[in-house]
Amino acid sequence: MSDNPQILAELLPQLGEGILVTLELTVGGALLALVVAFTLGLASRARTRWARVPSRIVVEFFRGTSLVVQIFWMYYVLPLPPFYVELDPLACGIVALGLNYGAYASEVVRGSINSVPRGQWEAATALDLGPVHRLRRVIMPQAWPLMMPMFTNLLIQLVKGSALAAYISLHDLNFFIGELRQRSSETVFSYTVGLLLYFAVAYLLTLVMNAIEVRAKHRIGAGPSLREVLRLAPPASATAASVAPPPAAVPAAKGGAQDD
Amino acid sequence: MPETATTPAIQFQGVGKRFGDNVVLDGLDFSVAAGDRVTLIGPSGSGKTTILRLLMTLEEANDGLILVDGQPYTHEIRGGKRVAIPEKRRSLVRRRVGMVFQQFNLFPNMTVLENIIEAPIHVLGVPRAEAVATAEDLLDKVGLADKRDARTTQLSGGQQQRVAIARALAMEPEILLLDEVTSALDPELVADVLAVLRNIAETTDITMLIVTHEMQFAREVSNRVLMFDGGKIIEEAHPEEIFTSPKNERTQEFLRAVL
Amino acid sequence: MTETEAWSWDHAAAVLPALVDGLWITVLATVVGMVIAAVLGLFVAVVRRSGLRVVTVPVAVLVEFVRSTPLLVQLVFANLVFTQFPSLAIGCVVLGVHYATYMSEVYRAGIDAVPRGQWEAAVALDLPRRRTWTAVVLPQAIRNTLPGLGNYAISMFKETPFLFAIGVVEMYTAAQQYGGNNFRYIEAITMVGLLFLLVSYPTSLLVRRLENRLA
């Protein structure tokens, strides 16, 4: 038991590699998911059936078939005939995570765009802003902060899903836990360390996402700026901003802070 | 109003609008001359707001034609059939029509100034410096020059509505639609907004279509009042006339209730 | 069975019985796991409402910890530590505990959605605290939580393949075994995916209908 810290120290390079691979999967998967989410989310709101129906099918397909099945399908089946697509394991993990969580996130995109108040669409029309301009300059900046809390949840789910990578020959954090257990012969120690590391990664990502959310909200005139939040007493901001999921954004209907 | 030979600014020709089984407008005909200030009154659900929303293409009429400056706007008759006009052509007419909403609908992701210059720059192609100068003039006119860089969410309802008026005016509309612009305001904030509108009425020749519950304001600003009931115009007169001696029984009833 | 063709219906048919057996294990794990999640989640939600910081803070930390670490790692960990129990039982419990952390949030939202006036009326009637919870708040809160429960059940169903890591022969493991024994992965793994879709999509439509009816 007493040489556990020493073993951990010896395995530091492997630990570094493990965290790096997990982060690569997370960031790569999240970026792909973001692209997928906006593509499918916008397409599923399109007026033409030719965009709407296929995007709905793709979304339901990737939500309905399990992530585990998808990742192994890409790993075991895709290199076979008739596909002959041999993906590098890292690419395989990123593509599977990106498509799966992108499908979930596309529903967030769609829902958030739909919850921007109707008056905003109407005011944009009244000013004769075209559909693309309206979406880009008026609707998206308001839908974006609504998406953030759900995106944060999905990102943590994605980190957790990335642990599958160890089973497609990647040396990620999950793989490192096994290595540590082998070297130390201590199951409880190894897994406690491993889970704490995952927790640290998730916590860090949550903090980053919360900062992005605060900024996004501030830019639409809801809530304090990031600088103001960081200046608050640490305990208050730590519990309010990170542990509890942020409350659903309140639409800024009547903001009357001061009178005429 | 004496009949003139000039083309009316707005013409409704047999316009019908239904929401499901609910008939809101039924074969409505009326026209508004350029420079007219027309107030639409009537019980809620009588179709007043729908008229404004049709003129802003926020709703689509089920039948009839709407003409602006004599040009078909949303639909036209081609080969004896009523066909929808494509969005590109609608847009050219729509940019001459402005609207102020009950709920202000300012864009919260933009500052006050950005709200006002957005459409002039990106729709009309006005150079930025020029758009900013116009916006500053307008802010001055609505008494909010000092709020230029404020967030819209930091403003009171009355201030927001005055910005919304400035935003609509920045497009230099020929027609301005005012949809219950004081209904969402606290009573003490109404006066400032009405003062701004009165000033616009006095200093410009914009055609105005007004839906309001402020009868005193309607009386001062408009030169024509249309009383709506059940999707039809049941009485039409000069404000002095309709407010002092309404002829129609429904009008009398309605005015007794709101005055 | 020719091994040259890309897709063999023979293999697809041959793997099916094993997959159906696996499906029952999958459904069993989901049902047991969800019962644990529903009960434990409610318990956690009520405890977190107690306002006693000595209790709420550790519970909050624990919930956050379980929720933000991989289910897959938790499964393997529990399976290595509790060797005396069958893997399926461990799988059900870990799934249940993991999802209890999600469910506790669903309950919390459901409880928060009960109007303040209901609590105030209970106080005005001098109802005991216990009675307030069981007769006034929870019956209303639980109605609000049904769609959440349904959605998480579907989500858990799709996460049961993680049990492959502890040797439970659910659907995916069954396919993996068939693939390994016959060197035919394409039919086995594709069929599993389709079976998941076949069960989860109609179920999600049902939950959506429930959501619309309760909304």
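Order of writing sets the labels: A, B and C. Residues in every chain begin at 1.
Note that in this section contacts are C-beta pairs under 8 Å (C-beta built on N, C-alpha and C of every residue); 3 or more make two chains touch, one makes a residue touch a chain.
The structure displayed is predicted, hence computed values, not measured ones.
Within the contact network of the assembly, the step distance from chain B to chain C comes to 2.
Distances between chain centres, each the mean of the C-alpha atoms, put B farthest from chain A. Chain geometry summary: the mean Cα position of chain B and that of chain C are 54 Å apart.
Look at where the CA atoms of chain A average out and do the same for chain B: the two points lie 44 Å apart. Centre-to-centre separation of chain A and chain C, using mean CA positions: 21 Å.
Listing the residues of chain B that touch chain A in their complex gives 56-58, 91, 94-95, 97-99, 101, 103-109, 118-119, 122-123, 151-159, 164, 167-168, 171, 186, 188-189, 192. Partner chain C is touched in their complex by these residues of chain A: 60-61, 63-70, 72-73, 76-77, 80-82, 156, 159-164, 167, 174, 177, 181, 187-188, 191, 194-195, 198-199, 202-203, 206, 243, 245. Interface residues of chain C facing chain A in the complex, by the touch rule stated above, are 6-7, 60, 64-65, 67-74, 76-77, 80-81, 105, 158-162, 164-165, 172, 176, 179, 185-186, 189-190, 192-194, 196-197, 200-201, 204. Chain A meets chain B in the complex at residues 117, 119-120, 122-130, 133, 137-138, 141-142, 219-222, 252-260.
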